[in-house]
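I've put the structures underneath this note.
Two complexes, one shared chain (chain A), two partners (chain B, chain C).
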Partner chain A sequence: MSDASNPFSLQGRRVLVTGAASGIGLATSTLVSKLGGRLLAVDSNEEGLNRAIATFEGNHHETKCWDLRLVEQIPSWLRQAAAESGPFFGLVHAAGLSCIQPVRLLDPSCYRDVLLVNTEAALALVRGFQQKKAADPAGGSIVFLTSVMGLVGSAGAAAYGMSKGALVGLAKSLSVELAAKKIRVNCVAPGFVKTPMFDRLSGLWESEQRAQVEAAHPLGLGEPQDVANAVAFLLAETGRWITGSVMVVDGGYTAH
Partner chain B sequence: MDDFYSKLADILEVETVKPDDVLREFENWDSLTALSILATLDANYGINLSTAELRDIKTVAELGATIATRRRK
Partner chain C sequence: MDAKQYILITGSSSGIGRETAIRLSSSYPLILNGREATRLEGTLRQCQNPERHVLWKCDLREVDQIEGSLRQILADKSAGVEGFVHCAGTLKILPLRSVERMDVRETMNVNFHSAVEVIRLLVRKKLNQNYLRGIVFISSIASLKGARGFSVYCASKGALDAFMRALAVELAPEVRVNSVLPGAIRTGMTENMLSDPDLSKRLESAYPLGMGHPGDIASAVEFLLSQSARWITGQQMVVDGGRTINVSA
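Now for the complex of A and B:
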């Protein structure tokens, strides 16, 4: 199991990461594999998963192509996954959909999938993870990828901010409820990170808009690795006395 | 295309749009409106139009023609 001399080690720990085929989910999965963890890498993009698993260290990882909008089926799927390959120590919900629309265009068909994947799937994953037959009896650690948009506002980001802000409230109550099971629950709130989601979004911006966003980060835009490092810190023994917290990893975006 | 014109009218908060209407002359045209058009094209039609490309499009008819061309590709 984990290496007592190295509090960053995830040796032998089974960790489920959603959104594992790209961006922050991929960087987190890669880092977890380097720290000795055993991955169940989840994404709706099967091709991306196949590319991702080839980059992980070690050969004891698994992938699962899954549509996280199927929230009702998530708890039984996790129980089955634990029965097949062992209980989970870690859960990282990095999968997410973006939604940039002014409020006048935010009809339910526009934001429903965003809430399903970003927020409701997180709750369903925890419902599955905390089951006696799915969770590692030694305890566990859950990390939700929220966003600075769940902490501060931006025009057009109401739906995305709603979905990410809700994760903060979810994590806080779950951290209290699951402490008795030795399961910690935390959030990481990144600023703008150079991911495929960001490329898609910034492709819609004028060059001066992109320059303004970059300037709002005193340390510049982030790399997926910057966020993955924080997630791994909270997953591993390094985070053993941290629960119900939001670690802001934003290059200073919310500092001013 | 009628479906797109209807969506465009919703975005611009007008009853209808006409082919000769100039996009930048709509009362509530701003950067967020432009972003909404691009996001709607992406989400509903799988068309990735850049801000620069939209900037070169003057009228509703020109936007419609661009969409028709992209959808055929």
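Now for the complex of A and C:
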């Protein structure tokens, strides 16, 4: 599967994935490794990272335990990582915190971390990524994991929706600004995917509510693999003319 | 007895349709639709496994003739259609005051009505059992944005995408339906438009990543038809080098 003539190949490309220890980040990292990419797997969960890296294909991958709330430090961490082991072609921001609260409970202390990790960290990562020595001279592909909740609305999802919707605006302007450097920037917007984040969320629901959410997806709930496939498509040559887009992978949730 | 499964591609004589056919030819048996036998044969010659594919000559401007012609070819070849890619399209850049009834009819017939007609038939059990699994429309960024001289073309692509979304909901979960929305790409259809040096220059600067190639669209079609996209339906996939989100001067 690491055939260089395969348009989906990531052979020779170094890819940084945040949130790599679980869920969508883990599925994406695993797929990147299968496609011949060289990973820098980032997460705040060190144990999770160690478990993850043991499952990747190939053996030239690295992990880093970063607290993405420390947004001022992220650009220098990235620069350092590039100096240590080479520039990056791909950047996938899959790390995220959820926040489902009615507006009356949304004081800043409640959603501060959500905005830092979901949104500000994305910008900080790009600031690091686009620095001269951090980026692969061949160009690059950046993917933000937004969400259908960044595109449509639901009671209780205001803070989460805000953090994810902001990524869409961010990606669009970044895509125009970085095009001259041949760096593409896109979003993937998943529907409800069976991940640990979803398990924590749906654990608070009545069984009826879970059934309703599932029924709202014409193709049922998604698997992390479904989202990873779209991210990989955008990272590889197959996505060479795609930038500023939002690729919705949601089993039809937003189609009706 | 199970019929042999094909992917039916309209507009496969040239441009995006031809490139898509060539790309898919190594993985699937194809029914290649076009208006002219010689140009269809040209596509076939560039395909992998040419003996696996079928040529279907049918002029999609004549919507009333599609049913008879499609029934014939499927019967002749004992064929089932598991995938449908609608690449056929016609573009006439005309200010509305110069548009004649025939221009409207032709554009809507090829770009939209022919797709409705083919799918209407492919979902009929007696003709195609339950074979249909995936549909991809080659729409356009014209479905999202207006431009002078493009009124009827924009309408035809908008109609296609609205139809796509309703189909995605109606035919789920067995059939996934999506559109690819290309920006400006050099093909036979856009040749005239792009030969104007002024327009060509303006286009290049409006596109953050420059102009695209038919292969960029073929990649997106191949992805959407594959198992990698098993959870994607009802979506407009924009492949446009950043054109539609770019408002920089």
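FYI, the second predicted complex is superposed on the first by the 252 of 256 C-alpha atoms of A that agree within 3 Å, B and C clash if a C-alpha of one lies under 4 Å from a C-alpha of the other, contacts with A are read in each partner's own complex, and residues count from 1 in each chain.
The criterion applied here is as follows: a residue touches a chain if its C-beta (ideal position, glycine included) is under 8 Å from a C-beta of that chain, and two chains touch if they have at least 3 such contacts.
Computed from a predicted model, the values in this text were never measured in an experiment.
Asks: For the overlay on chain A, clash or fit between chain B and chain C?
Replies: Partners fit side by side after overlay.
Asks: Would you check which partner chain A:25 touches, where first means chain B only, second means chain C only, and both and neither mean what they say?
Replies: It touches nothing on chain B or chain C.
Asks: Touching A:48 in the superposition: chain B (first), chain C (second), both, neither?
Replies: neither
Asks: Does the superposition put A:156 against chain B (first), chain C (second), both, or neither?
Replies: In the superposition, A:156 contacts chain B only.
Asks: Classify the contacts of A:100 with the two partner chains as first (chain B alone), second (chain C alone), both, or neither.
Replies: Only chain B is touched by A:100; chain C is not.
Asks: So, does A:203 touch the first partner chain B, the second partner chain C, both, or neither?
Replies: The answer is first: A:203 touches chain B but not chain C.
Asks: Under the superposition described above, what is the C-alpha centre angle at chain A formed with chain B and chain C, rounded in steps of 10 degrees?
Replies: Taking the centre of chain A as apex, the angle works out to 120 degrees.
Asks: Given the superposition on chain A, which partner contacts more residues in chain A: chain B or chain C?
Replies: Touching more residues of chain A than the other partner does is C.
Asks: Working from the superposed arrangement, determine the closest approach of chain B to chain C, counting only CA atoms, in whole Å.
Replies: It comes out at 28 Å between the closest C-alpha atoms.
Asks: Show which residues of chain B lie in contact with chain A when the two form their complex.
Replies: These residues of chain B touch chain A: 10-11, 13, 31-33, 35-36, 38-40, 42-43, 48, 50-51, 55.
Asks: In the complex, go through chain C and note every residue touching chain A.
Replies: Its residues touching chain A are 165, 168-169, 172-173, 176, 183, 208-209, 212-213, 216, 219-220, 223, 228-235, 237-242, 244-246, 248.
Asks: For chain A, which residues count as touching chain C in their complex?
Replies: By the definition above, chain A touches chain C via 7, 172, 175-176, 179, 182, 184, 191, 218-220, 222-223, 226, 229-230, 233, 237-245, 247-252, 254-256.
Asks: Please name which positions on chain A make contact with chain B in the complex.
Replies: Where chain A meets chain B, its residues are 100-102, 104-105, 110, 155-156, 200, 203-206, 209.
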